[in-house]
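These notes open a run of structures that come right after.
Note that chain A is present in both complexes that follow, paired respectively with chain B and with chain C.
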Partner chain A sequence: MYINACSTISHQNSFKNENWINELTLLNDESELITPNYKEFITPTALRRMSKIIKMSLACGKDCIEQSGIENPDAIIVGTGLGCLADTEKFLDNSLTIKGLIPPTSFIQSTHNTIAGQISLALKNHNYNVTHTQNSLSFEHALIDSILCLNEEDSNILVGSADEAIPLLGEIIDNLGFEKISKHMTSGASFFMLSNNKTNTSKAKLIDSYTVGLNNSDPKKVINEFLEQNNTSLNNIDLVLSNSFGSINISEIEELFNSTKVTPVEQYTGYHLTNAAFSMHLATETLNQDSTIKRILIYNTLNNSNIGFTLLQSLEA
Partner chain B sequence: MSIYITGVGVISAIGLNVKENYQSLKDQKTGIKPLRFFPSEKEILAGEVKLSNEDLITQQNVTSPISRTSLLGLVAAKEAWNGNEHNTNIRTGLISATSVGGMDNTEKYYEQRLNKEKEDISLITTHDSGNTTERIASELGISGYINTISTACSSGANAIMLGARLMLQNKLDRVLVGGSDSFTNFTEKGFRSLMIYSDEWVKPFDNDRNGLNLGEGGGFILLENKKSLDITNNTPLACLAGWSNTADAYHQTASSPDGKGATLAVSKALKVANLKPADISYINAHGTGTPNNDLSESTALINVFGKDVPPFSSTKAYTGHTLAASGAIEAVYAVLALQNNVIYPNLNYSTPIADTQLVPETSWNDTNEVKTVLSNSFGFGGNNSTVIFKKVEDVH
Partner chain C sequence: MEKLKRELKEQIIELLNLEDIKVSDIGDDTALFGESLGLDSIDALELIVLMENGYGIELANPEEGKDIFATINSMADYISKNKK
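And now, the complex of A and B:
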């Protein structure tokens, strides 16, 4: 499977900038989401009603369409950990405070599948359309579904994920006792065009994605099993991109991977439940640009009891 | 490869288990009544599960906080799981569908916040839909592939088809698929804001239908492949024959008048099942009772079946619209229809829709063999899904 387009809106200068992986900066308290001019992707009337998560997703989705030249993908698959939080909070507030008739817009836009639905509307696409929401593994589940589609009769899949931060979320994370994390709760979206066909826009190969929910085994064992299933081993992995809740335990993660280099990704993307999608874009572009790196493993333990794996390989390897 | 259904479980306004649901369907007894357990200022007609959260927590022996969505899902999932054992040779997964997730607890938390009361922060930890599913998985001892689908009112059907596809591609041998949603103030006010919540008893496919009644509940079915059956020795109740998911791409909430997405969903599912339109014995329609859905769905049925639309009915006038759970609850009803050779009556119908003139089944019809059941689930965002069930022919 080939990754023929990728597009990310994040706290890095990642949108429509292939060189972004060489300009990474560490997140600080002043970092902000770097957004494009949405008017290039969305009509002004539609734009007014849209929340951040929809705007990011539509822009990234359309950018992937443009990059790949695939106007009518065979499926649109989205992963989101918490869905359309801004509209959910707005309607929740209205439903508890307004007596009488409430405007329906925020209700309509509150369901998780608004993202994939809006993309299908924008593309006039009638194909398979689905939304996965399994907290920290939502993106991996969307990827696994895409792999199923590509093994069926489909050729091109638009897959991605998005999550948005709202002030209430930061407050809740703070109140739950994660003060350090709450400062870096971020929004972000990443979309990809996956294909069975290698084209002149192909950047890397997706080998596999796999999840273990409510893991009860030794992580080392699970890692080796995943790599074995894909006929490889840690010796063949050049880089591990890790997503964890607080980089404090990075030494514990490093210990799992022997001498393979581990880069924690949350220092660049901050915390949102689908930040493994950011890792996949970072991995894809790294494989595309750095010929010394052949295989990258994305190891996602943002939620400690759940493990997500995504394995990518360079086009040449 | 066949996908066998070896367990079913359901909890809804018309019963706390499969047996009670079947009896209510037979007795033509609706579960849509003024709310009893959910605090509301005025009388609201809805399909409420007749058990309080406290009773559910005690009965299921689980710890608080847990969302009502998880509790309802757990009851149905446990019944469908039916005491099966874990076995390292059977790769087992769980896929649940939900639209509201832990919104019932989130509402309580948010209200405390608005009223400047002391907030119970633990309530918010059940908000995310993934948590709803993980609670069910953890009670059943399932680890590994655990996933949640959220495509509004078509979620349940999508969870079922994802399970089948994972089995066909040899990723899993056994998977518990279904969904649950609880009644919430959020969804009730939401459908009211769209002017499609009826204060009368819902009338699916009637010319004078004027909206839906919300319901709540959970439904699960256990899917197994041959390898799993050889180990469990479970008896297949039915088979999953076909499925499809399409996008209407017409409007964020309304269905297209020409029923494009629904037509595609029904046709594609028939193709996957390798069945002709004439092979369908019964259609359990989405039939929410909103003017828009029932017209669009009727048009789609005519598009696919022409003059020979098979016997069809909506069971929403029994249960109310249970959102993400509806496809799963109706999957259980489909299996029961196959087992008992019965077509369920569409309650509250009197006059055909002027434009389509389609007449649903209105009585308990058990005169003909039911070999195949086609079940529709359509949702917000233009998500249309169809699932087809059939009798077990031979186990191979």
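And now, the complex of A and C:
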């Protein structure tokens, strides 16, 4: 299946900028989310109620619609690790502090499916609409659902993921003893138009996505099995994009992949539970722009006992 | 009554995040719903909560809401007659 559009809002200059993969900068304590003018994508009436995660997702979703020319996708599938945190915090705070009726907006918008729902409302799309929440593998589960739909009767699917950081999340991470990481808890959204049809906007091919609980299995064995299932091997992988949570030393990951180059993506995107979607956009543009790279494996080990694999291939390979 | 109308306009702007709207932009007879101010059904729920929490008025008949929330004048009139 083909990746016919991709759009990301992140701490990189990634939105509506195909050259962003050549302008990557390492995150530092001053790095901020780089956002577009949302008024170009969302009506003022809708915008006034939206939290960051919904604004990011809607802008990326609409950008994918514009890039691909597919106005009415057959499904809208979203993955999110923690969902609409800002509205959830506001709703819970209201519940504790307000006597009497609780204002409804933050409650309505605190549910995880608000993201996919708001995209469908904006597009007036009445097709399959679902949200996957599987911790650090939420994006992979959204991809797997998309692959299943495309293997059945769907032709074009808008799939993506989003997570948002709020100050309270940083405090919680601090209290759990991850002070170094709490500074780089970030927000981000990435969306893609997946299609069975190759078009003049196609950038790369999505070959497979897979999740596995290691349960003491040898990671190397699991990696090789995944690649074998897709008729390839480590020798044919030109680049590995890894997502880890700081508890894993990069040399441990490099050791798993022999001589294949490994790039840790969290240094560019920061930590949020669906930053593998950022990796997929990075991989897609790399395959589209660098003819020497034919296959990229995304190795998501944010939770090091539940691993996600996503394999992408260039259009020519 | 004028004080109540201004208070309602300020509350509506803050409660509904009407960032680009000023108190002076909302006339006493401006239609709150529809094209003028563009409020919708979720905003109506917020106004029901405002009536109960801010003025102690519980709307017993939701059907009345359409007329009560039509304009600032109609809201102020209903509050002044029913405030507890």
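Operating definition for what follows: the second predicted complex is superposed on the first by the 311 of 317 C-alpha atoms of A that agree within 3 Å, B and C clash if a C-alpha of one lies under 4 Å from a C-alpha of the other, contacts with A are read in each partner's own complex, and residues count from 1 in each chain.
Assume a residue touches a chain if its C-beta (ideal position, glycine included) is under 8 Å from a C-beta of that chain, and two chains touch if they have at least 3 such contacts.
These figures come from a predicted structure and were not determined experimentally.
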Using the overlay on chain A, decide if chain B and chain C clash or can fit next to each other.
fit
Let me test your reading of the model: by the given contact rule, A:48 touches which partner, first (chain B), second (chain C), both or neither?
second
After the superposition on A, what does A:69 contact: first (chain B), second (chain C), both or neither?
neither
Per the contact definition in the header, classify A:167: touching chain B only (first), chain C only (second), both, or neither.
neither
If you count the residues of chain A that each partner touches, which comes out higher, chain B or chain C?
B
For A:96, select first, second, both or neither according to whether it touches chain B, chain C, the two together, or no partner.
first
Would you check which partner chain A:108 touches, where first means chain B only, second means chain C only, and both and neither mean what they say?
both
Of the two partner chains, chain B (first) and chain C (second), which one does A:116 touch, if any: first, second, both, or neither?
first
Examine A:138 and indicate which partner it touches, taking first as chain B and second as chain C; both and neither are also allowed.
first
Between chain B and chain C, what minimal C-alpha to C-alpha distance in angstrom results from the superposition?
6
Could you tell me which stretches of chain A are touched by chain B in one complex and by chain C in the other?
101-104, 108
Contact residues on chain A for chain B in the complex?
76, 81-83, 91-97, 101-104, 107-114, 116-118, 120-121, 123-138, 141, 144-145, 148, 151-152, 172, 175-176, 211-216, 273
Taking the touch rule as given, give the residues of chain C at its contact with chain A in the complex, in rising order.
15-20, 38, 40, 42, 45-46, 48-49, 52-53
Interface with chain A, chain B side, in the complex: residues 99, 101, 103, 106-107, 110-111, 114, 119, 121, 124-125, 127-131, 133-134, 137-138, 142-152, 158, 162, 165-166, 169, 171, 185-186, 189-190, 192-194, 245-253, 260-261, 264, 379-383
List of chain A residues in touch with chain C within their complex
44-45, 48-49, 98-105, 108
